[in-house]
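I'd like to ask some things about the structure below.
Just so it is clear, A, B, C, D and E label the chains in written order, and each chain counts residues from 1 on its own.
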Amino acid sequence: MNHLLEIKDLSVAYGDVQALWDVSAHVDEGTVVSVVGANGAGKSTLMRAISGLLEPLSGDILFRGETLVGVPAQEITARGISHVPEGRGLFTQLTVQENLELGAYLAHVRPHFAASLDHVFTLFPKLKERRGQKAGSLSGGEQQMLAIGRALIARPKLLILDEPSLGLSPLVVRQMFELIARLHDEGVTLLLVEQNIRQALKAADRAYVLQTGHVAMQGEAAALLENPQVQKTYMGALD
Amino acid sequence: MTMVLRGMLAGLILWCGLALGLFGAAQAADGEIVIGAPVSLTGPLAADGQEQRWAYELAVKDINEAGGIFIKEAGKKLPVRLVVAGAIVAEKYKKFYMMTTCFPFMWSPQNFKWSALFFFTAPSAAEVPFKIWNDLPEADRPKNPALLSEDTPDGHGFGEGFRAFAKQYGYTFAVDEPWAVGAKDYSANILKMKANNVDALLIFGSPSDSITLVRQMKELGLSVKYLHGWKGTWTGEFAEALGSDSDYVISDGFWSQDFPFTGSKELGECYTAEFHKPSVTIGAFYANAQVLFRAIERVGTTDSAAVRDAVVGGEYKDTVVGDLQFNDAGLALIESTANQWWEKQQMLFYPPVDGGWQVKMMKPWGER
Amino acid sequence: MTREKRIIGLSAIIVAALALLPFVPGAADSYLFFLLYLFFLYTIIGQAWNLVAGYTGQISLGQHAFFGLGAYTAALVWSRGLFGAEHVYYFDPLTLIASGLVAAAFALVIGFPLLSKLRGDYFALGTLGFGEIVRVAFVKGGSYTGGPFGIVLPSSLYESLRPHYWLGLGLAAGLTLLIFWIRRSSLGLALVAIRDDEMAASSNGVNVLKYKLVAFALGAFFTGMAGCLQAYYLFHVSPEGFLNLNWTLYPILIAVIGGSGTVLGPVIGALAVTVVFSYANIFFPELHPIFSGLAIILVMLFMPNGIMRLRFRGRA
Amino acid sequence: MLDILSVRLVVEIFINGVLFGAMYGVAAVGLSLIFGTMRIIFIAQGTIIVLAAYVVYWLFNTFGLDPYLSLVVVAPLAFATGATTYRFLFRKAAAMADKNTSLLIAVGLMFLVQNVISFVWTPNPKSIITSYTAVGFEVFGSRISVTRSISLVIALAATAAVVLFLRRTLVGKAVRAASENMQAAMLMGIDPHRVNAIAFAIGFALAGAAGVALATTYPFDPYYGFSFALKALIALALGGIGNVVGALLGGILLGLIESFSSFFISAGWADAIAYAVFLLVLMFRPEGLFATSFKKA
Amino acid sequence: MPEPVLKLERITKRFGGLTVLSSVDLQVDANQIVGLIGPNGAGKSTLFNVVTALYRPEEGIVFLDGKRITGAPPHRICRLGVARTFQLVRTYLTMTARENVMVAAVYGGGAMADAGRACDEALELVGLAASRDLITEHMTLSARRLLEMARALASRPRVILLDEPMAGLNASEIEEMIQVIRRARDERGLSVLWVEHKVDAIMRVCDRVVVLDHGVKISDGTPAETIVNPKVIEAYLGEPSS
């Protein structure tokens, strides 16, 4: 069976620190896959390796059957992976509208910009109101919406969200997960990194639990949610 | 010594027998006389350097065409070879260094033992404009002269001279400012002169600054009756850059092809034929070589001490700069010249030559 | 260790041979002798710059100010007879040290605000501004500094290049030895720690500002002494000759080509620069600066670590 | 001094300061762009301007091309040269964390270019004479130079063009985005080398425009570039490193500082005063005088 | 009651409009190992940087042995007796292991005459005595983490702040690090404040555990108490399913 994204025995170092050891995982088209784990488990490192911001030490990443290893980040984006990094990566000095336009930077995306923009504005009516404002002036939740909206403009085949709930108030976190559910319904393939383990598992089809750079557990998200072992792995001796 | 006399300094070093260590290329081969010329061929002074080189090469060509210089040891005339190098330290190697275009006020205090110099003194050159003014009809004499002198050793040396003579001749500078080198914007100076109703201007500065100043004077509508420049206004580029705006501007010079000396006219024509512009300097460089060659000829050896003794206290008549009488310190004085630009030609009018050019008062920009 | 001992032994032999060279008949009159003097001078200023940039990671673009300050100190002390009329100023240890001290004092005064407020590019630009201010101040200094003409010293004292050569050799070898020693001393620990990781260094108790200042002042001290040495050679201290930006560009070129942050890098770099400049000057008098420019670019493109090995690792 | 001072005189000093400062401004805008994306100080910018002036001179003397008209040739040529320069000299160094490599390559390039100019065109100062050279016009009794006024127009137009490019075009927005966060820009599909090359190309094109302004207004020689670059750097620091409009304003401010200090103090001190202001700004307002919010460089 | 070695009072730190730490109180008693945990962005590293004076707090005071140390520059803090390690290892890469440790031994505040001995003892304690002459650049991550530990010890501190010393280590290396931390406390009588993501390690070793969430201290007690604290569980696992 061909997976949309397939990670094989991936090892990655972040600066001096090796963060992933022989990680294997896959994402199928139309599914939401969550990667959960404690701080420092290597979740963000994995995402950065997929989107080309980090060069793996060994192993392979296949996207639609083609390797991504050694491909520059901008080329990986062109192949259909949009990555909303931890910290959102907004251009704070640019306006909301300009941030969204840059989401359509790639030549093959540009023709669909108007339609995609409408779609994003229906998802996030707030952004439409604030389109002339500098991105840096938005609230945290709005910034996260903009970051996701900007990534959606490119109509990615795979959308990576790295800790979208980080630093948001509980109400906004709930909205964020409603959005993820909606994207799922629309058929967007999602790779979701979350610390908020319960919500992350609820939102996902499949999940991987990372622990100190290794895949500790994997499987159907619903099953993992019920598994007491997950909590234990996740919080160590916290039980 | 290399850096001491930068600026316009030019000289020739009798290099024969100088051990050059690694660098065989410059070593004197038997059967020829090697002369070194520390000429700036790169950097901001390269413009002067190239004129020097041209004049030296011509002088060497001329002497070699005449068969060379007779050397007793060899028992025959030997050809001369010129070696151009960036910098050398003649005094330190006790090699005779024949110099020109260096002001005695810089040279004399050093008490060099191994060099001789012919040039005019800064004060004598600084007196020239006042002598000219005094010969003008009463109405044309400046009422409010101004002085702009560059912030360099030369500029200050000259500036002091101008101030002293102004006092002596009874003039007061309405504006007397140091002139920033390479600043490109002299509107502050010009506005100040305008505000002070300046009618005559003495400037000492580089070619490019002088061009900029005259241009900006025209732009900002500052007209003077008399504009006399040193160092910057005598180059061919000055007239080339300003076109007809260079008319009436007066320049200094070390030499003129209008001089009534043997070879002067031919030398000037030879230069103009090649570069399509006049020169008021090459004669000094050519004469520099003439003196050195004749001194070697006189003693019949390339021994530095002997050649030096032949120059110091010696008399050399009828060079392209005229007769030179060296004193016991090795200094010979020549006269500074003044030339007026007219249709891209430099017309010698000081020192006056019979039937020569008469200086014209500058017309206001609007009436030209 | 044995390799290091061999290098030390070899260096000692070379220095001894160089020290004896002036006794070889005719040697002191050769062009090579002059080149060796230049090589020593370049080594001093290269090492001095390297002390700041190579060991604490701060790029100084104001070295020409220190070179000029040193030279002017010597010229002023001498021409005004500040140590008494009977004092011999030519090759006088007191004057030499005064030259270094004045430069170092300026380094401390200007270094304190610059080093505490600025780093990286900003520090480089700040020192460049300082250098230009010093230059203009000397040009405009009137009778105190001799203005743009500067100060002329009695060149009739000159007899041979030997004392310059020996002093240059002594300073160059001494400074190199000092840096070698510093590298092993507790001061060296602090400097290298700052270069390698400023934040860790301060967390380990190193007073980062203090040691950056020490290195900056020490570099200025030696650059000032080099200025004094060159003043003894030229007998004419002027803004054009001594406060020229070349005196900042040369040490950078020397240290970078040789390999900054290494003990012998600036020595190798000084040798390379002396040879390349001199050859180019003799054989391609009109073109040599083109080659110098090209040399910098090529070295940076293909040998960014210098001949020895370069390391500017400092983390913010 | 004060007895000759009048309102008209002050206005004239002011106008001349603005006209001259605009030249620094254009050079500073180029530096600002290159610094924005690559975080290097391109010290050779002044020399590139001088090179452009020589090309204008050559076109004028060889083909009789009007200097202002030659902008059509020089600007695109400079644009292409900028991109090529990035490709061959800076691409490799751009990836290095150590910015000293790029700084030193720029120093080498400056040496190289100024001496190549000196070799090709001789070190003599060159200048261009046309019918409008050294012509002034009068406004409310103050005389103003024609070519300098055109230079100001070129400076304003060039800066406006750059600002429009950065604000209105997608590529321009990409350049701004990359200046702020290169990694996030890569995630948008933006090629960092392309952005750097564009910054260089525009920086060079601006140098071309400045070269035209220089060539029509002043005599120039190969060695003028370095001091010009230093002034542009001061302008940049005054305006705030990485801020395009600030760079132009910084240049104009520098022109005013020089103009007024050379009138009221002395032309010789103008440089020192400019550097002193520069040092003070670096230490106490490193974000520049015109920045609204502090953007870390 | 004896004075706590390290005491933080009402520490508040803001960046721009964002409050990263709000009025945090914390204390480390003599010979105690205190764990500091919390989700990403909880403010743990900021707290460390406030204690070591890399940041200046908007409000609040830090006391060492009852003496106020807020306001002193970082190198003074170290000399007063607070040593630290870094999350992203910061060893001096061009130096040997021993030189690395010597920096702290010489400048860290102990007597100069003892520097050599302190350095060697620290290397001995972390088990790096054999690789003392290795250039740090060529050492493994785990060795470099231990080296940072040795460096902290060599400055002869009262309290050591450890910033995720386990990050990037494998299981056996983690065990080794735990032993080193225990030895440091037992043999040197040190106090330790320890930020960690490996919660299980914290729970095994620490005397007390402090939990931060969004800049607020939400729990402070023994490991056993912490585990059952519902606020902690919520902070870690997110909102309970509704």
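Everything below uses one rule, namely that a residue touches a chain if its C-beta (ideal position, glycine included) is under 8 Å from a C-beta of that chain, and two chains touch if they have at least 3 such contacts.
These figures come from a predicted structure and were not determined experimentally.
The chains touching chain B as well as chain E are C. Fewest steps needed to get from chain B to chain C, stepping only to touching chains, is 1. When chain centres are set by their Cα atoms, the one at the greatest distance from chain A is B.
Centre-to-centre separation between chain A and chain C, using Cα means, comes to 54 Å. Separating the CA-averaged centres of chain A and chain D is a span of 43 Å. Distance between chain B and chain D, defined via averaged C-alpha coordinates, is recorded as 36 Å. The residues of chain C that reach two or more other chains are 139-140, 286-287, 289, listed in rising order. In chain B, 42-43, 46, 151 are the positions where the chain touches two or more neighbouring chains simultaneously. Pairs of chains meeting the touch criterion: A-D, A-E, B-C, B-D, C-D, C-E. Looking at the complex, you find that chain B touches chain C at residues 1-4, 6, 18-23, 25-26, 39, 41-43, 46, 84-87, 89, 91-93, 106, 109-113, 151-153, 155-157.
If you check the complex, the residues on chain C that touch chain E are 186, 189-190, 192-193, 195-197, 199-208, 261, 311, 313, 315. Per the touch definition, chain E reaches chain A in the complex via residues 39-41, 88-89, 141, 144, 164, 167-171, 197-204, 214, 223, 226-227, 232-233, 236-241. Listing the residues of chain C that touch chain D in their complex gives 59, 113-114, 117-118, 120-122, 124-126, 128-130, 132-133, 136-137, 139-140, 245, 249, 252, 256, 286-287, 289-290, 292-297, 300-301, 304, 312. Interface of chain A with chain E (complex): residues 15-19, 21, 38-41, 163, 165-167, 170, 173-174, 194-200, 202, 212-213, 225, 231, 234-239.
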